[in-house]
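Each chain gets a letter, A, B, C, D and E, in the order it is written, and its residues are counted from 1.
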């Protein structure tokens, strides 16, 4: 990770400063290239949907953009700053597998509110209502159902009022109504200016939410285009195959 | 062997008769060992958590060191404390030698490394589970330590009990810094040692049985408290 | 009071101190350790009075200025105890040296304190009168337990080995098993206890007045009488012999 | 205090000079404590795992008992073994008293409860994670225990080291059943106790330093072995 | 749990013996009725799909049918036997959150094969190929991507060659191609006579797979009908609302 103090490199243009500028990103483990050279510029606003087959590197890309893991090569700039503690503090990531504290549902929210010096019952209860967990407030979070856990994780992320929210398949195990509710929340916060990076396997959902779509394949960006374009006719063969359900890793 | 029977009879006699000297000794044993254990936990558990989360060069070395200190011989600890507190020693002016305070200090030195090493181990898994989430939230080390100790408290109970067991059973250190002075620094273990050297094995065993009864009591209390709060653990 | 274990274990202090404390309003704390350790502790000024039984070391202690003066308090005697079977057949002998030689010849187990205590020093003095090389035998028939008198007696009883002990400890010892007194009555087995007040000049921190009070009291007729009174199982353990050099020892 | 300096000087002198007596004592210490630790782990870890998975009436009581036995006083253990092995005792015929075997037995009794209690704690979380899957697979208890011990081996290392630390540092039991007999059953801790009673604190400390050096060595070996296999642990 | 030795109750008819017969099933925790009186008869063959909003009790129902948890009231009979160790041994359950051993992908399969005394490299490799994880064989299972983990869990269940396989949202985080692949596998094994109980939120998937559909709502069976019927027009209001994405718990 680079030293935060230093000024952003000269080439970082204004629009780049607003959003993410990813250059020459590489990450490998066990002799395998997991992220295999990614260059990407993502707007500072709107909803960017990331798609791609299992194992394409979507979750890793999110963690790299969030500055959770350091790449072997290349770098991620957000608002002109290298991804790291400083940028992370203003972002939130909802993991594909929610990590819930061994506490009650309410305490899971309180905990993050406290870390932001914003402990506040009413706000907490509002968040729980928003994701439909008000009745579960007192229950051990680990005993929630799969879908309930995902919703709690989302509420917890919202509690930090981030400028960027990374959502890794946040509706994978939600029922249709919850999916709609979450999508509405996402649209709402994005409308208020929060940047959303949203991973999904659901083409329909992508169509409903995405401003632009990043399609990953084998750790590379196969294509990055506006949503309509992508859905109409994806330029890359992998994307076409994926949508047709033909692409099998 | 007749000693066994005699010992048990004697033990129950002692407990039943509620012997004044015995209660005094038992009281001091508990006082000293509980104090040492509580302080050791207050110091050692956060340090153990810190060791579980911190990633710095030489961490391996520190781990080895702490684990090795679990093998700190009581007699050596006793000597070090003795030399420090002896009237001729650096801290001699406080005149702490041959007082319960000195015994607490010695036991503290003895069990703190144990608490650190075991806490570190007990919290490692929990940390592995929480780590990414916490890094995403940019928690300070203090916040992480606090969260781990809180959510890992059930595992830490066993750690505390291990420390207490070591303290209450220990004799080598307390006999040197306490002096096993009757009515002043005599505790169960030093009394047992004394009876043994007098050849009164039955009495020694009886005291040993009493000591175990105490350990059972303490553990029973702690663990029943645990099972009560179990549900709240959200395992 | 830094004391040798033998006197403490015999229960003597439980008998003596109440009288003294009542009389002088001074509470005495007894730290019972091996003679060597006792003297060491006293050197560190961790004690006001020293009561041990290793004349040579004690006099050194005083000559180095750590102690005010060494005075005889009382004596008893050493004895050689061993199993009823008495494999070396030393039962009833009165010459300690010859008894030890015979034990050595019989390769019968002998448990030695091996801890530089007063008793150990005495034992080595006895061996020196014989031609036996205990160094060489160490670990074979000659077993150095490196422990206090009580522990050594336990060990001896446990493995059926002869050992040298002071009578006081033996009489009050409870784990005798089938052991008996086999050798006694030799002048060489005389066991002199000395008392020393730790020197306030060397150790400002010591409680000089209390220390002096105790020394004076235990040497006084009253104290001496108290010592003579102390009995276990009807047997007198210590024989008061306060005063300058009434040391009739060797 | 001059003793410190003297002690360190002496310690290095001893190590450097590779003193014959010392190496003999060190060797016996390692032999006895390693043997006791290995046996204790072989017995205690499976039992600990079993205790972590078994759900039976009175489990709480057993847990309390095992935890309490961590407070078993060495002297008492020593006495029990002494009485059992002494010529008059039930096992007297074997003539084990005052042999290294007796010392191993004593330490084994002393540390096995520690290994059980700590293993149980160390494997509890892992079990909570695996339990439902294993029940679905209808695994036998033996299979579950084996799987837990295998996948939890990293945490169990610390447990083993705690047991070893307790064993190598322990003096109360070995001095009673071993007798601290020169060239026969004298180990580091009993030698330290001896030097202390002689008042030769410098030598006692020096031996203590050597003992710690040994503990460091053992822990270093074990933990470096651990970090090597770390990757294989699939944390 | 009842004693296995005893004969099935008289009323257990022939068809009941073949499949599941669930009567008066109740389970509550924290003063809340999670399973609130379920009576259900499920065929011994074919694919039964369980649907319902988050928190309806789908996962719990599966665990109860599998005999993993004991109900407070009522009982589950399978082939005339009370659900328990004996029946469990002939069934397999893929949890909503895959529980993978801290071992390599291959070892995770080997482990269950070993417990069935069927340790066999070729079979293991075949299974891994089937779920497209052949290349990951040596990798720590915990480091697999979300979708890869779900596929490994499925392969592990297949390894036990069960007579009944419970699948709890097995395709929730799979890419379209993997979804197709898994659905084909499911159809295939079902055709060979393996009973499948399949939880999903994806109505399309239900349509593709289901012979009959059980719709749960608040711990009760809102309806249990053949698939076509259900999709055409569900009788129960909750089901209708659910499919319309209106039902929000």
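Here, a contact is a pair of C-beta atoms (placed from the backbone, for glycine too) under 8 Å apart; a residue touches a chain by one contact, two chains touch by 3 or more.
The shown structure was predicted, so the numbers you read here are calculated from the model rather than taken from an experiment.
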Partner chains that subunit B and subunit E have in common: A, D
Relative orientation of copies subunit A and subunit E, as a Cα rotation angle in degrees, nearest 5: 180
From subunit E, the most remote chain by mean C-alpha position: C
Chain pair, most C-beta pairs within the contact cut-off: B-D
Between subunit A and subunit B, centroid-to-centroid distance (C-alpha), Å: 47
Subunit C-subunit E separation of Cα centroids, rounded to whole Å: 82
Interchain centroid distance [CA atoms averaged], subunit C/subunit D, Å: 36
Overlap residues in subunit B, where contacts from two or more other chains coincide: 86, 88-89, 196, 201, 235
Residues within subunit A bordering two or more other chains: 143
In subunit C, residues with contacts to at least two other chains: 41, 148, 151, 154, 157
Contact pairs between chains, per stated definition: A-B, A-E, B-C, B-D, C-D, D-E
Residue ranges of subunit B touching subunit C (in the complex, touch as defined): 86-89, 92, 95, 97-98, 179-182, 184, 194, 196-203
Subunit D-touching residues of subunit C, taken from the complex the two chains share: 33-34, 36-41, 114-117, 138-139, 143-148, 151, 154-155, 157-160, 177
Subunit E partner contacts - residues on subunit D that touch it in the complex: 129-130, 132-133, 135-139, 143, 147, 151, 233-235
Residues on subunit A engaged by subunit B in the complex (per definition of touch): 63, 66, 68, 85, 88-89, 92-93, 95, 99, 101-104, 111-112, 115, 140-143, 160
Complex contacts: residues of subunit D adjacent to subunit B: 1, 3-4, 60, 63-65, 67-76, 79-80, 82-84, 88-90, 114, 117-118, 120-122, 124-126, 128, 155, 158-159, 161-162, 164-166, 168-169, 171-172, 176, 188-189, 192-193, 196, 201, 204-205, 208, 211-212, 215-216, 218-220, 223-224, 227, 235
